[in-house]
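Each chain carries a letter (A, B, C and D) given by its place in the written order, and its residues are counted from 1.
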Amino acid sequence: MEVGRRFVLRSASATGAFAALLAAGLLRPAQALAATWNKVAFGAKNPADALKGIGATSTAESKEVQLDLPQIAENGAVVPIEVSSKVPGTTSIAVIIEKNPFPLVAQFEFMEGALPYVKLNAKVGESSAVRAVADAGGKFYSASKEVKVTIGGCGG
Amino acid sequence: MPGPMKIRATAEAGYTEIRVLMSHPMETGLRKGPDGKLVPAHFIQNITVKVGGKTVVEGQISQAISRNPVFAFRVKGGNKGDKVEISWVDNKGEHNQTETAVA
Amino acid sequence: MRRVSSRALLAGAALGVAASLVHADDTKQEIQKYQRMTAESSPVELWEMEGADLWKQKRGPNNVSLERCDLGMGPGVLKGAYAHLPRYFKDTGRVQDLESRLVTCMTTLQGFSEQEATKRVFGNADKPSDMEYLAAYVAGRSRGVKMQVSTNDPKEKAAYEMGKALFFYRAGPWDFSCASCHGTEGKRIRMQELPVLSSPKGARGTYTTWPGYRVSVSQLKTMQWRLNDCFRQQRFPEPKYVSDATIALTMYMAVNANGATYRGPGTKR
Amino acid sequence: MTKTSIYLCLGALAAALAAAQSAQADPSPMEVRALLHKDFHAKGQATMSRVDQDDLQFLCTVTHNKPSAKRVKEMEADQHATIAYPADGKYMGDWTKGQKIAESGAGMTWSDKPGTPGGGGCYNCHQLSPKEESYGTVGPSLTAMGKKRGDGLEVQKYVYGKIYNSKASNLCSQMPRFGTSGSLTEEQIKDLTAYLLDPASPVNQ
């Protein structure tokens, strides 16, 4: 088990280190990276627009999309969400929290032997439906589950 | 300022489980600081996972990912000793990366 | 007629009770699932990593690391040290918990004044404290070790007894003791089933997962912080950091947890 | 609240001695108090006098919340005498305000601003509105209280008094004495009474 270290920006030679990273092929140029962040989809303020933003104009409910999360969250700051897709040819998975101010939380593309699987922690502002959307050859399949965010603790 | 980062990659039956921990504030831009002003948005936007030099996962994420993000991914096959590299870039252009070998 | 209707009513009531019980069970199960899933995907190890760095770093007026710090198992021995704390230390003549002993090492080895060593012990999400990093690192080195806190020394025994008395001492505007929230089996405060820390079952489950990462504040919290915030909510004045009173309470809970395997640093709501 | 007094010393000394004899290693509440004075400091509105027990707190501590029937009777009468019923004879206020007070667990801590209205933290221990799922179970469920008991004047007075000083009817209850301790105002207690009894309140839906 290797241990990662904070680096680059903590050092004075940030630019040099960045260049080295680029040379090593670990990072692509910042502009290119910025371009790969789907501003339209992530900026959407409702689930329908978010889906449109990732190209999912229509989705079919599917049991092949497996979504696991606790139905009750003691704290909305962290809601663990696990998604996997058994739809053949799945190339990406997106997670949408319908009642969040910006519903689209993440989209992952899988290639070179990566299984269509991801586990993440998301902030959930209020009790909401959580939707997972799998893209298989331009067709979109989805599953959803409710999560209830509760008030915890004795404090104010 | 990027804090520490950690990857754990374990060979399971038929696949490799990759788990990554990142230090990052993941500020939404919607939260008020102690001074009553909105704290500017500051969050990771892109994540890249490479195994044996090949990109296997490309992720785009929003400010709704929890502070100090943790992700798990799975890759078919994989052998002990294979190199796993993960890097991220946030909306301010800050970035970090680390690597490990499959155990 | 009357009898029939009352029986029907009773049956209805019984059904209602059964339904709410099933519901309560589901709720409990889902909360347990939440706790399991957040623990599985917790960033808490990052605190241990930073703590490991800090432990080895040369710091303070003496420019030395903490690597020769004696946490009770001999200088520099970390494995299992936390599972044996609090304990009596001859050199200071005190029963000390982890944080108290770390202050001792920072002052005696690194040359910090006590004031410097305790200036900022509770951090925040943007800037955790050195103490939080160090506590996470040291506690983590007892993972898998059975809790074995001694009360053989008369001072250890006295600390345990004082801790117990403190636990049940009711005072303040709301008449609370520790036991007000942590004294009745199977009761919830809001959604939380709070552990009964006076019983081995409750203490074992809880003590062995502190210090812990709190997802609500994205921070690792230490046992001294936990006690501090309990006293705040108990409507008491503030306990002094690593005071005899807080160490006595820690001793009480740690001894109650004896025999359980330490599994922290844990993850909390 | 009356603080530790000569009355306490006379009344409870016997109990303290008995407790001390039964388990020799047990530190007495006096020793605990001395340690608290050494190891705590005042912060915000939480003054050091808060670690001093009044006679009730002392008795409940030394008897593990099980005082003798005789002492219970005497002291419950004392506690009852602390209840100040509203001069206007009205016990019910605004249930909508009462709901907010019931939901809030703030108040009286060193981090609360002195003088700002606190809450009753009712949901910490009780089920009230059936719609609120995040409720505690330390105290009994109060759901549909008004429906079950009605909202007659006697019931109103009972509920008002219970919130004002729960110890008047259950000496070592875990529930704070919200009125006696000055944690909630008369108006707030009226609002809570309405929250429990008003037919329009969610508690009774």
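Just so it is clear, a residue touches a chain if its C-beta (ideal position, glycine included) is under 8 Å from a C-beta of that chain, and two chains touch if they have at least 3 such contacts.
The shown structure was predicted, so the numbers you read here are calculated from the model rather than taken from an experiment.
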item	value
Pair sharing more residue contacts (C-beta pairs) when A-B is set against B-C	A-B
Distance from the mean Cα position of chain B to that of chain A, given in whole angstrom	11
Distance from chain D to chain A - Cα centre to Cα centre, in angstrom	47
Mean-CA-position distance for chain C and chain B (Å)	29
Of all residues in chain D, the ones touching two or more other chains	123-124, 133-134
Chain C: positions in contact with at least two other chains	27, 41, 49, 181, 189-191, 215, 218, 233
Of all residues in chain A, the ones touching two or more other chains	3, 77-78, 82, 119-121, 150-155
Chain pairs in mutual contact under the definition given at the outset	A-B, A-C, A-D, B-C, C-D
Residues on chain A engaged by chain B in the complex (per definition of touch)	1-10, 18, 21, 26-27, 30, 33-34, 36-38, 42, 77-79, 82, 97, 100-102, 104-115, 117-123
Sites on chain C touched by chain B in the complex	41-43, 45-46, 49-50, 125-126, 215, 218
Contacting residues of chain A [partner chain C, same complex]	3, 69-75, 77-78, 80, 82, 119-121, 150-155
Contact footprint of chain A on chain D as seen in their complex	103-106, 112, 119, 121, 123-124, 133-134
Interfacial residue positions of chain B with respect to chain C in the complex	3-6, 19, 21-23, 25, 66-70, 72
